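Order of writing sets the labels: A, B, C and D. Residues in every chain begin at 1.
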Amino acid sequence: MTDLIVSVEDIKKHSSETNCWIVVDDVVWDMTEFAPTHPGGSDIIHKHAGLDASLAYNSAHSPSLISKTLGPSKRKGKIDSTTPTDLLKPPPTEEAQPKLEVGAKPALTTLINSCDFEAVAEKSLTKKAWAFYSSAATNLVTRDANKSMFDRIWFRPRLLRNIRHINTTTKILGQDVSLPFFVSPAAMAKLAHPDGELALARGCEKFGIAQCISTNASFTMAEITSSVKPESIPFFFQLYINKERFKSEALLKDAEKNGIKGVWFTIDGPVQGKREGDERVKVESATYAKAAISGAAATNDSKGGGLGRTMGGYIDDTFNWDDIAWLRKATKLPIVAKGVQTAEDAVLAVKHGLDGIVITNHGGRNLDTSPPSLLTLLEIRKHHPEVFSHLEVYVDCGVRRGTDIVKALCLGAKAVGMGRPFLYSLIYGQEGVEHFIDIMKDEMETTMRLLGITDLSQCHPRYLNICDVEHLIPRSLESPLPEIPQSAPRAKL
Amino acid sequence: MTDLIVSVEDIKKHSSETNCWIVVDDVVWDMTEFAPTHPGGSDIIHKHAGLDASLAYNSAHSPSLISKTLGPSKRKGKIDSTTPTDLLKPPPTEEAQPKLEVGAKPALTTLINSCDFEAVAEKSLTKKAWAFYSSAATNLVTRDANKSMFDRIWFRPRLLRNIRHINTTTKILGQDVSLPFFVSPAAMAKLAHPDGELALARGCEKFGIAQCISTNASFTMAEITSSVKPESIPFFFQLYINKERFKSEALLKDAEKNGIKGVWFTIDGPVQGKREGDERVKVESATYAKAAISGAAATNDSKGGGLGRTMGGYIDDTFNWDDIAWLRKATKLPIVAKGVQTAEDAVLAVKHGLDGIVITNHGGRNLDTSPPSLLTLLEIRKHHPEVFSHLEVYVDCGVRRGTDIVKALCLGAKAVGMGRPFLYSLIYGQEGVEHFIDIMKDEMETTMRLLGITDLSQCHPRYLNICDVEHLIPRSLESPLPEIPQSAPRAKL
Amino acid sequence: MTDLIVSVEDIKKHSSETNCWIVVDDVVWDMTEFAPTHPGGSDIIHKHAGLDASLAYNSAHSPSLISKTLGPSKRKGKIDSTTPTDLLKPPPTEEAQPKLEVGAKPALTTLINSCDFEAVAEKSLTKKAWAFYSSAATNLVTRDANKSMFDRIWFRPRLLRNIRHINTTTKILGQDVSLPFFVSPAAMAKLAHPDGELALARGCEKFGIAQCISTNASFTMAEITSSVKPESIPFFFQLYINKERFKSEALLKDAEKNGIKGVWFTIDGPVQGKREGDERVKVESATYAKAAISGAAATNDSKGGGLGRTMGGYIDDTFNWDDIAWLRKATKLPIVAKGVQTAEDAVLAVKHGLDGIVITNHGGRNLDTSPPSLLTLLEIRKHHPEVFSHLEVYVDCGVRRGTDIVKALCLGAKAVGMGRPFLYSLIYGQEGVEHFIDIMKDEMETTMRLLGITDLSQCHPRYLNICDVEHLIPRSLESPLPEIPQSAPRAKL
Amino acid sequence: MTDLIVSVEDIKKHSSETNCWIVVDDVVWDMTEFAPTHPGGSDIIHKHAGLDASLAYNSAHSPSLISKTLGPSKRKGKIDSTTPTDLLKPPPTEEAQPKLEVGAKPALTTLINSCDFEAVAEKSLTKKAWAFYSSAATNLVTRDANKSMFDRIWFRPRLLRNIRHINTTTKILGQDVSLPFFVSPAAMAKLAHPDGELALARGCEKFGIAQCISTNASFTMAEITSSVKPESIPFFFQLYINKERFKSEALLKDAEKNGIKGVWFTIDGPVQGKREGDERVKVESATYAKAAISGAAATNDSKGGGLGRTMGGYIDDTFNWDDIAWLRKATKLPIVAKGVQTAEDAVLAVKHGLDGIVITNHGGRNLDTSPPSLLTLLEIRKHHPEVFSHLEVYVDCGVRRGTDIVKALCLGAKAVGMGRPFLYSLIYGQEGVEHFIDIMKDEMETTMRLLGITDLSQCHPRYLNICDVEHLIPRSLESPLPEIPQSAPRAKL
């Protein structure tokens, strides 16, 4: 077979993805059809459309491979060696071109996971905002365990299954969502971006995921809910019970008026924890140096006492299980208790007829060495699996990866929340939020495929090996140590 | 509604906490009532009393939030825009103002936990004093485990309880104290501050907590006990039994005369451990270079032998359980054995009619790899819970956080002691001691609230998840390995 | 006995390994016979052949030792002290002479283990190639656990056995190999060296070990298999099932034609994992900055969607156990499933009549926190030991040492594969591959000898102490947590 | 009472330890009697004999303490303030005076534990000698675990016992020794010091402890044994069995002639392990670069093969249990097998009538991930406690502290050996060896006292909490995993 002679001009005419010729070792090939199935990705081929790809090709393949793979039908001929071929030279590749910077921040497209967003946040936020978001209680044991517990559970992937079509939709309190993760309520999103909770809502709208609005949001409920198309996504409202109940009642009315789909009242923060990162920023400013932090006020003046941790001063620290009756009366919305940390309290939530619980320790911000959320989830699942029949269980804290989400769901969670990661993505505004959701969605779907499941309903503990943490689940909910006898006979000599 | 016009002068009249107006986006608001319930804390508002708060407000809130929250009654009008408003400008905030330094030490108010005090101590004390206080036996395994064991026990917080009123009072040997922690006896407090044990006593007096005085205190018992109001706090006296018993008897008489409430005799230090940090400081000074350390004296001269560890040379290293009869005769005060490290010895303490025991390993200073105090506490609670019915159990070593205290109490301890942390706080004199107690008290109360308890009598193992350390408690007090048979038949080929 | 006088010239005549005299303290000794048994190695003696060895000798031995050890028969006399002895001076030793560098790489002889090759790879490969080879999924948990699990298993060496003759031969799918490890299939060996898979094949040929060829190899099957003598080593072929089955069928025909001995079809990569090291290299180049990575494409343009991870776009993600019937029909070669990660799937492989399985998680490259290969091996061995009767089990991932290989074999593996290490050795071409195989062979044989075994058939779990990892093996293959009851009666208050 | 006036001259007359006056705040005190019982040590007082001690006193004590403690009888009067008192000024203390350096090494007196000696060794030895001594097999897992296992066992100290008189004597193979640790055999002590094994022997002689001489010692047996007084300490002889048995027989005759008390033949080194630290030193020198290391010789020349690890080329690698009969015939000395690593081999040692075993893994130098010695000791004690009735068990490897020694004895060891630590102490010659023994003796005695035992016969597992490592002891000596069935029926679909 004699090759045709192909001119440089002719080659240049086939330089698009839909019409893609390349030159390899002076032979011209039509790659249009093959490119999408190229094991090394179509990108590297499309980058050379209408160009000489010999250099790139030969760095990875033997000379004969292309002919063997494509067959004679794709061979378009030989390049015309009588004319200059400079026009076919590909642009240089490896040398990194200057990164695109958006202000002081790296280009959004260079962020590829939740940790990248956190790294940007540490540098971009004001010292005060970073301290407020990132800090947690005292020794940070719980904050760090929230995360590390996920990596201590192994998957048990089942292979050789048809995993082409993935379905990640589910319902939260009866509301449709496209993905089983939501925006956890967190105060003051405006510290991250002027659009605050509005940008979060718009990002969620794009993907169809749920948002829970904090009592301490930067914007009003009406402003947030009206920032997206009506009923496009479900909103929930996080409530701190006010000592002045009428104020909470007003908020609940407001919630119903604004189309909120459920009330998540916080139970793990009757007082605020000791967040030392946050406190240090304060004691370092002269303004606060006069006021004592952490209740300590042993100054020279005789005033004594101290400021205490009054941030949550309006929160009703007497609110207890009996008061749920009031809450039921104050709203007709579904009610979720946010902050459950033991199987016993999960059972109480069922007994009091709640519609859901969020397992959370407030991101490790309140009581240090409270159990990591995943451990509480395991405890409930082990000792009171019936809880999952009666109400929906959500998990918050430490979720940073698609693998984390799938693990929580395999253990019975209906959905998981993320707080800090969403705030960090918000630094880029709505676009950052969307990019972040996209990443988590992709990680989750990849996890499902590689695990061998295609629908969230297939999530099950059998896909997990929990052996490395199983000993941390209490064997029984009884006291782990014997009681002290009330009147033991005195031992004799 | 038409707004009133408010003049700058008028606004400046409302610049106190009890009369607090602020300006936000040209509107004047009366914040007096709202400030104490502000979720973000009253400080930020009071800082802007009589000033324009727009900048701070807008960085965190949407424009509409203030109106929505306060309602029209708090709206005082609009600012008079015809006059200069420079006087309303708030002072700059974020830029840290120069820290207040007290000599070489950071301002006391910037210290917010026990670790901060330790960090100051390392820098402020003489090399010798720091080595003496901080050093521990050989590889430091026990010293570090004392601390880390606390963080390996998870809390099991119970939420939705009325936790407004906290009661932290208890009794030690029948004496009222306001908090369940006390000053552990430690030698030579004067190395930290000229006022030594006197400042410790005065700090304790302010809060009503107990102090245990070391045999090797820098001041006499009379000086220390008379430094506070009579009977204001209970003092205990730590005793090393002297080889010359009459000297110990004299000290015991002295104790009674000075109103001491109990004798805590040390049982874990018949000889002193090998504290290498301490020894290195000595071998580095030429004075000591001639004398051998650690009993090693292989010098060129023919003297041989060596100094040995003679520090505790006067301590009676023959003193044993049978000698407790003598001790009982020598004093009518309650007697506590300080240094119990096994359940067996706890049982012996009961058998010998003691009034209390301190679980301690001397801060890891004597025998390295002796069990961390928390482990001994667990061992006694598991195998001999009746011990707690017969005498009081105190725990020392490794306590650095309010969470640590509550954990020890949940496991049955009546109170906990702190040694090094009090010495480090003493660097700031009485004021430092008070600041430190205040911090610990606040941490403890916060822990109780977030754990769902309001009184120390509610402390119970069920509030703890001990799974991560449970395997470290001996399953039985019998030998963990089989005995060697005395006359085993020889195995045949 | 009077010594002969030996001249310098005479001594210089005995300066070879087979005729070796040395001088020690003016006495001349014949070392020819003794050198090979010298406890300190023959090298140090041969280095001094025909020279004065006094300096080296006296630094390690007492003057009398040589006479005592060799006896009078080896004493050749005393050196002639009347003539100059400069010629007997040994060359200086300790000062390191300049290292031989091959280009930028250290001399191959200075590489003594697989880690050394990895260190060279990191420095020598292009940034892109290094990222492609070394990267793994997300948090790298599985990649690292693959390795660390090996070191958590202790040997139980049995001593006092005749271990002179070691036999390391075995069979893979009936094919003879000299060693129980093979080259795992990995894409694009040409990125490491222009000779790519050809050099790998030639290295294997020298030692007689097996090679498995990747679907994505740089060379064609024909090129690779014909690069060595016919039938000199067994080749296997790794297959990704193509969505267009006829293409896979063509490859299978090709395999048979080229003398391939078995088809290893990959089951753990229906989609590619998220390899962030690899992705970062891409996002940093401007070419890719436009395209989103990880499915995230929240760029400013309205296109949305995203590139996704299309690299493996041609792979049939619907292929499942039922399709094995097709595979059986498409080839008469033995079939091995590559990617088994649970005992359940191993059992399925038996049920479907497969000839072998490779336990692998793709080097931790696909699903992070999938179980380390050694754990899967333990799981199968514990719960379904009969699997090993029905098919051959190979283990891949994390093998870096001869000890690792022996451990896998003791647990039932027929052979182990290595991927990255072979690619890294390939940087030095065929010679590097040979050097690497030689190292692994030596490590393996030394391990066998010191363990007390001489033939691979003696490998057995009793030579291992698996106590440190035993708790990680699921106790049962049932769900580790109770099922959620479908209609639990609601708990009552 | 009116004070006498004491002149400066008079005070200066009392400036010795046996006649010691000091001045505190112008009062003169006779400290002679009190100084030895001073809680802060007599040193600080003796340093001020005949001097003004006010500064030192007041930094630690209240002014009244001295009077209270000493009483009026020791008050010698007031200083004569009319004459100059410059002569009473103490020398400055805290400023470190220049350290005494012996050549490049720190003064021996500044070394206070075995780690200090190791640190000196790393700096003082030649690169080659340090590599030879310190290196171990491949990943160093066993070398490091040998040490760390000791720290994972907790003591269970029993207090309130009379521990004044400590007895550390014991017998090894019937020979009296003053302490239960001995010098392990190690090759080539001359690399550390010209006096080599002779200095070790003389150091042992001073304390009365045993020494085991290596087959590869730098000096002959006769030289070593005759370097101390006859029968002053027991010597043992470590034997590698030579392929040429008559050579071993000659050595054994030699041993008997030189008064050796037992033969310790090595069983864990039929071939040498891969010690990479050692190999790297070799490959870096040009001489060795030509020869392959680790059996790898893929050089360009066609010679192939390789040097291999020929160091132990004369060792009989066929020697096995049956050959012990030969050994019994070749000597009438007690026989000890050095290198036992499993309970099974310990039982075989009993069956073959040996007199002792050394549990050792050659300092982690031979087979990496062989079990740490302490684990083997635990395994034997758990599964075959009768072994300890039939022969003596010694433990080697990882012993660095007095606490380590006591733990090994509590688990049944008769004595422990130390290899590297003795070599490192030898850098200072005999004096260093003595200093090191003195340190270990002091550490051991302190441990016994603080543990509550006074005689080695009281050592018992009940003084240990082994919970942290107990799971590492095989539950049974049977295979930890089920056997592979020989003809399992094929599972059906």
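One rule holds for everything that comes next: contacts are C-beta pairs under 8 Å (C-beta built on N, C-alpha and C of every residue); 3 or more make two chains touch, one makes a residue touch a chain.
Everything numeric in this text was worked out from a predicted model, so none of it was measured.
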Which contact partners do subunit C and subunit D have in common?
none
Which chain maximises the distance between its CA centroid and that of subunit A?
D
Enter the angle, 0 to 180° in steps of 5, of the rotation superposing CA atoms of subunit A on those of subunit B.
90
Please decide if copies subunit B and subunit D contact each other with the same set of residue positions, more than half shared, or with different positions, and reply same or different.
different
Starting from the mean Cα coordinates of subunit B and subunit D, work out the distance between those two points in Å.
38
Counting only Cα atoms for the centres, state how far subunit B is from subunit C in Å.
54
Which residues does subunit A have that touch at least 2 chains other than itself?
471
Set of all touching chain pairs, with the criterion as stated earlier:
A-B, A-C, B-D, C-D
Residue ranges of subunit D in contact with subunit C within the complex:
126-128, 138-139, 141, 187-188, 190-191, 196, 215-216, 218-220, 223, 240, 267-268, 270-271, 273-274, 276, 279-280, 283-300, 306-314, 317-321, 324, 337, 339-342, 344-345, 348, 361, 366-371, 375, 471-475, 478-488, 490-493
Hey, which residues of subunit A end up touching subunit C in the complex?
36-43, 47, 58-62, 64-65, 68, 93-94, 96-97, 99-100, 107-110, 112-113, 150-151, 153-164, 347, 350-352, 378, 381-382, 385-386, 388-390, 401, 403, 411-412, 431-432, 434-436, 438-439, 441-443, 445-447, 449-451, 460-462, 464-468, 470-471
